[in-house]
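In structure tokens below, several structures.
Look for subunit A in each of the two complexes below; its partner is subunit B in the first and subunit C in the second.
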Partner chain A sequence: MSEMAPARSYTQIVATQFSRNKLAVFSVHIIYVLLFVFIFADFLANDKPIVMHLKGNTYFPVFREYGVNWFGLNWQDEFKSQQFKILEDDYEAGDWAIYPPIPYSPNEYNLQVKLQPPSMAHPFGTDELGRDVLSQMIHGARVSLLVGFVAVAIYVFIGVILGALAGFYGGFMDIVIQRLIEIMITFPRMFLIITIVAVMETQSIINIMVILGLTGWTGVARFTRAEFLKVKNEDYVVAAKALGYKDFRTIFRHVLPNTLTPVLVTATFGVAAAILIESGLSFLGFGAPPEQATWGSLLSSARDMLPTGWWLTTFPGLAIFITVTVYNLVGEGLRDALDPRLKQ
Partner chain B sequence: MKRSFLIQFAVLILLIIYTNIGDRSVATLSNDEVGDGGGIRVELSDDERIFESSPTDLPPETGGTMVMAISAEPENLNYYTSTSAAATRFLDYIYEPLLDYDYETWHYDRPVLAESFKVSEDGKTFTFKLRENIYWHDGQQLTAADVLFSIKSILNPFVDAAPQRTSFSKVIEAHIDGSYIFSITSSETYFRNQEILGGFAIMPKHIWDPRSLMDRFTLADLLDPTITREEAAIREFAEAFNTHAQGRPVGADADPIIGSGPFRFDKWITGDYMSLVRNDTYWGADHTYIPGYSEAGGYLDKIIIKVVQDATARLIALKAGEIDFIPRMRAIQYFEQTDAPDFLDKYQKVSYVVPAYSYIGWNNDKPYFSDKRVRQAMTMLIDRKAYNKYIAYGMGIPTIGPFYIYGEQYNHNIERWPYDPTRAVELIEAAGWVDHDGDGIRDKDGVDFDFTFSISAGSTSSKYLALMLKEDLRKVGIVVNIRQLEWSVYVENLRDRQFDVVSLLWIGGLETDPYQIWHSDNIGDRGSNYIGFRHAEADSLIDNARFVMDKEQRDAMYHRLQEILHDEQPYTFMFAQRDPAAYLKEFRGAKWIPIRPGYKMYSWWRSTAAMESPL
Partner chain C sequence: MSENTLAEIHELETIFTTDEGVVKAVDKVSFSLEKGRTVGVVGESGSGKSVTSLSLMRLIPNPPGRIVGGRLMYHSRTKGLVDLTKVSEHEMREFRGNEIAMIFQEPMTSLNPVFTCGDQVMEALILHEKMNKKQARARTLELFVEVELPRPENIIESYPHQLSGGQKQRVMIAMAMSCNPRILIADEPTTALDVTVQATILDLMRKLRDSHDMGIIFITHDLGVIAEIADHVVVMYKGKIVEQGSVWEIFSNPQHPYTKGLLACRPPLHHRLKLLPTISDFMEETDSGEMIELKKSVD
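After this line comes the complex of A and B, so read on.
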């Protein structure tokens, strides 16, 4: 990038700008790590071996688990009870198994090791049922990140469409959508979410994602509307109209791509906010169901343990703090990189 | 991003190699028995049913204030319409019944407001002779008219006292004879008549019915729907009663509740505290029932009952000296967070027994649990010993049935089901639950063994139990879903029988009638037999025992009932409850009794000597 090509694309300029912000670049790398954990959680923390050689056959239980959960496969008869560690007792010569680095699943309890401080066997300690805290955090990371991305995707989708309609057409449509936005923002968001969650029949992480998505779109809609107002009288839009393009095509092919950058920035901050809200909800007991470990619910169950179980609050708390911080830093980096006034 | 992922992959593989070579053994908790956490474990026995946890080296003193903390505030302080235990416990210091438990024999025959009483030969009519020296807190005399008024208020169909009214459903008539004779008649001979007909709190007629609206009506009138429908005064009185200012004396300037008891109402500041002051003109001030167990108005000048919802906040307030007594702590607080010498120097920890037991209720009408073999298997799949030891810190007392473990109804000859997963799986298979389709989940007649465990949102112990059960049953091919519900929704589902499995606590008494919970009459129609237990012999035992007045004969019938319940396992009986408490060591006379709530503030006093020279 440093040899200064004569003509650089917009993306390249932004990339260069962004790469100057060391903190943001570092944060991106942390997000990569989180993404890695998100994808490979089952290989990082699981009570099933990755590979197992038993009585002459080789098995891949972690892969099999995906088959069972997603593709309707069944467990082999030897593994019906899914207690692989017990099988170790009747190993014959030549039998072996390779376990993930954290050989515990998040729900696997062992009362005899309850509330143990961090040790070699349990790097982040154990909770009040003797479950491994690190394993719960790794699988909890999935929930947190999923909530962040899905909720933001939902509200960006809603916000962009409503904002585009309001900004492009103006007039009555604009008035209606603007009032709708105003009504939505008069409700304190957390209270609104808690109220909705409280009347829900079942607790599930999908509900939380949908509710966060349905309540968070106002900011995006306002940004998009403002950008549309700015852009809709540009020559290329007028040209598109003159060419007789349908409104749909004009809005989504011509105007929208030129208005998305500020939305991208809000979305990045939005992911951080959604993760924080999910943690808050789980902390209050409104979030994920009890068997689903999330960072917020880990913190919540640790509340009663203080001051004895410091590791129960410290690690999930740090995880939330770091994740929210890196998303915010990346968001700030993006904002600065996209801001033409800061271009050097 | 590619490079980043490659590096992480490399790290992961290194980690896998490292952890699979390394030693994975873990140090386990070695202690076989849980300690007492530095506190006193109250053990009651058939002979010794009062346990004093404080030293008895000093003579009692009068004076001082006690601040205690409870978790929930009552919605109102109307004795008959309030449904919260907090209200009952508070008002028990202000209002008094005709009879109460005898603290030596633990029979319900100690005269309180009554001086003496007579039971008719058929056991249906009770005649009470009231004491002549009883005065309300405002100076008016308490007479039989007040007693009659009280029972009329309970039985007025428009008073919001439906739960209380069910106990009095067999009352047919009551009248007074002069100022001191009150008699009441029930339509049936029932072994709990004495406890019910002599056990309601007496409220002052001149305060609650100043216009004497109810004087015109006899008790029989109130039981006649045609009369109650037509007479406007009955409804008018009930509406005034339900909303009477005495039922909600909130704020610093509210008129105090007028009662007759050893304590007077002081204040109720909502969201903060309720308080009581000693009644210095108590009618029974010279009356000491058991030496050292004074009901002579109590020793403390003032009792402040603070409302602190959060358990952690309660403990912090205790340590900060803002409160003196927490009657109910969490087990973890008792055993882990207060085990320091400086805490033990200043505070006394006590775990006392209350007449309540925890259980897991299996909905007998669901296909999974309709077979008793499956229910027995479920009980054997739950490692109750480990649960008690590690989750409940050994606070549970193993129990086999619904009766109070220190009462005479309890059958001590039954052995608890052991923890035996192998035998349990055999029973489940014998009942037909085998994995026919090979998907790893047992099924029968095309129904997967896949049920929902409903837990109440606030209960950590149920949550742990459900999580453990889910994990344990997964290993034997049974799927457990956990559903967390708000308490009000939880209770609704329970009454409508919309659940598979619940985990709850029944609070009972020294002697209880199993009719409400175990008789098949009470299945459906929002009855308390919501798990749907049906058993012909059990029904006839329950029906017949109600009318057996001979205690030994009756207890024998209940012992047989427990054998049936043990075999049928409609519930998995978990533990009789022990509540952990802590109080400032300056307090003496801390006595623990087998009736709710397990202690009475009458006997407590604050030692100035202990205050000056801490132990």
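After this line comes the complex of A and C, so read on.
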């Protein structure tokens, strides 16, 4: 070996493999778009201007809104009990405002434009209260994606720890954790979730995330356990023990990184599943509270309008379909890229 | 125990509990190891060589394995004479790596594939020698030079799959040597390597043994390697020691039928055999477990 190839880590090899799957790469880009919408929802659809020039002063109402909601600031006196669009009526020369691309809030109703089909002003139409569907969808994307990520993060965390303990220590610990997994699996998940939600006093999206997280960890735990059984007898794990490392270090630093790949794939599929379950719950009315628009609740409230307002169901439905599909495609792409047998 | 004795294994018994019953993997095994000397443990697969060494490290997977008898007297650097079967798991962890280190048969699998070689050696130094990152890196480079790795600055950044088997074994040895162990247990360290690389690794181990005054327990089934490196030879069969003595005694004047059989099985260099002999050609085991030598010539 005269010349050494530049160090290519496992991650880089997988990245190369993944980039060959065009559909998965395309899906990743759609996820980027969704993430963009997730982060900048308030700047994409809002009834408040981003920048505003009024009577010689410049204001940033969208930023101010964050301050009001999160940091206990107050609206400037000029804007108290005033809607920004009404302020427009007494603009003087030199006053102007730049609104977000969709200048409507999800809960801003206007009965004059109720049940309008898609138009330039309302690209995805309006609902029976005159609310803009696209604005509701943009803010609903926040809820859906957040549920997906947080629920999966919770159950991957629980599943990995329990699976790791069961696989690494075996014996009594393994028996207890395996029985726990089996007990969890015997409950039909949807009914368990609906029951818990029904018992809860307040409806909130955080409850949904936690419940999805607490009920979904069994698959991850089983995968992790199986991988641990495979890896824990590898020489490098015995070597780590022979170097006197503590169990905690051996488990989480030496074994875990070698077992994460199947977990990563299940987690990606899990995000899609969680989004779907949240939509289902919201559709049934068990999900987010009524004032919070989610894709599922949009579908639910649009159900009665089906004959007249096709746009009310089509667009939120498509959003769910596309999001779930891209996550599944990315999951599949990852699974194939991580499969050593497919390596050329 | 004399001044130079590092460890004395006395009547060690290790069992495995399986569904079919209790298997005595190591049965009343005794031998001792001295500073700067190499004890070679030979025997066929399943004879209990590896279990003996894992017992010394207290790394027998439990369940199903357990040390049930005997003493593992060890002359430690910090705590004086201790019986390793009696110390707590916490104390044992202090000895592992620091005082007793181990290298393995498959260099391909004994390094963690997700970390660079440098990271793995540095981790041991940071944990045991309480070095900071910079010191650890400098020491790792020194160790790589000591184990005669070419281009240490490159190897420190490389992942295990980028190295050859011999290089990986050298990294493994560097890792084992990182905390200046007093005993190095080598579990078939050269079996997976080709002969020329084997010779250089054996050479390196001998050098390290002499410069650090370590004791080496060398496990192998390769009699050629044993003749090369060991001072004292322990022959194991079915968990028992059938014969032990100096390398000279064992090779020139084997006493036990099994040892004789083992030696006779080596293929001759100068003529071809139609069928390679096995130990059962030279030895017969009676129902009572006694071994009888069969007089047979190999042609």
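Criterion: the second predicted complex is superposed on the first by the 336 of 344 C-alpha atoms of A that agree within 3 Å, B and C clash if a C-alpha of one lies under 4 Å from a C-alpha of the other, contacts with A are read in each partner's own complex, and residues count from 1 in each chain.
Everything below uses one rule, namely that contacts are C-beta pairs under 8 Å (C-beta built on N, C-alpha and C of every residue); 3 or more make two chains touch, one makes a residue touch a chain.
None of the values given here were measured: they were computed from a predicted structure.
Aligning the two structures on subunit A places subunit B and subunit C next to each other without any clash. Of the two partner chains, neither subunit B nor subunit C is touched by A:T58. Contacts of A:T186 after superposition: neither subunit B nor subunit C is touched. Counted by residues of subunit A touched, the larger count belongs to B, out of subunit B and subunit C.
Within the superposed three-chain model, A:H254 lies in touch with subunit C and out of touch with subunit B [touch as defined at top]. In the superposed model, A:A242 lies in contact with subunit C only, and not with subunit B.
Superposition on chain A places subunit B within reach of subunit C only down to 25 Å, the least C-alpha distance between them.
On subunit A, the patch touched by subunit B and the patch touched by subunit C do not overlap at any residue. In the complex of the two chains, the subunit B residues touching subunit A come out as 1, 4-5, 8, 12, 15-16, 18-20, 22-29, 311-312, 330, 332, 336-337, 386-387, 389-391, 435, 438-440, 455, 457, 460, 463-464, 466-468, 470-471, 474-477, 482-484, 486. The residues of subunit C lying in touch with subunit A in their complex are 57, 59, 61, 63, 93-98, 101-102, 104-106, 109-114, 116, 124, 127-128, 151, 154, 157-159, 162, 164, 172, 175.
Note for the complex: subunit A touches subunit C at residues 1, 4-5, 7-10, 170-171, 233-236, 238-246, 249, 254, 257-258. Across the complex, subunit A meets subunit B through its residues 29, 32-33, 36, 40, 43-44, 50, 68, 74-75, 80-83, 98-103, 107-109, 111-116, 119-122, 128-130, 198, 202-203, 285, 289-291, 301, 303-308.
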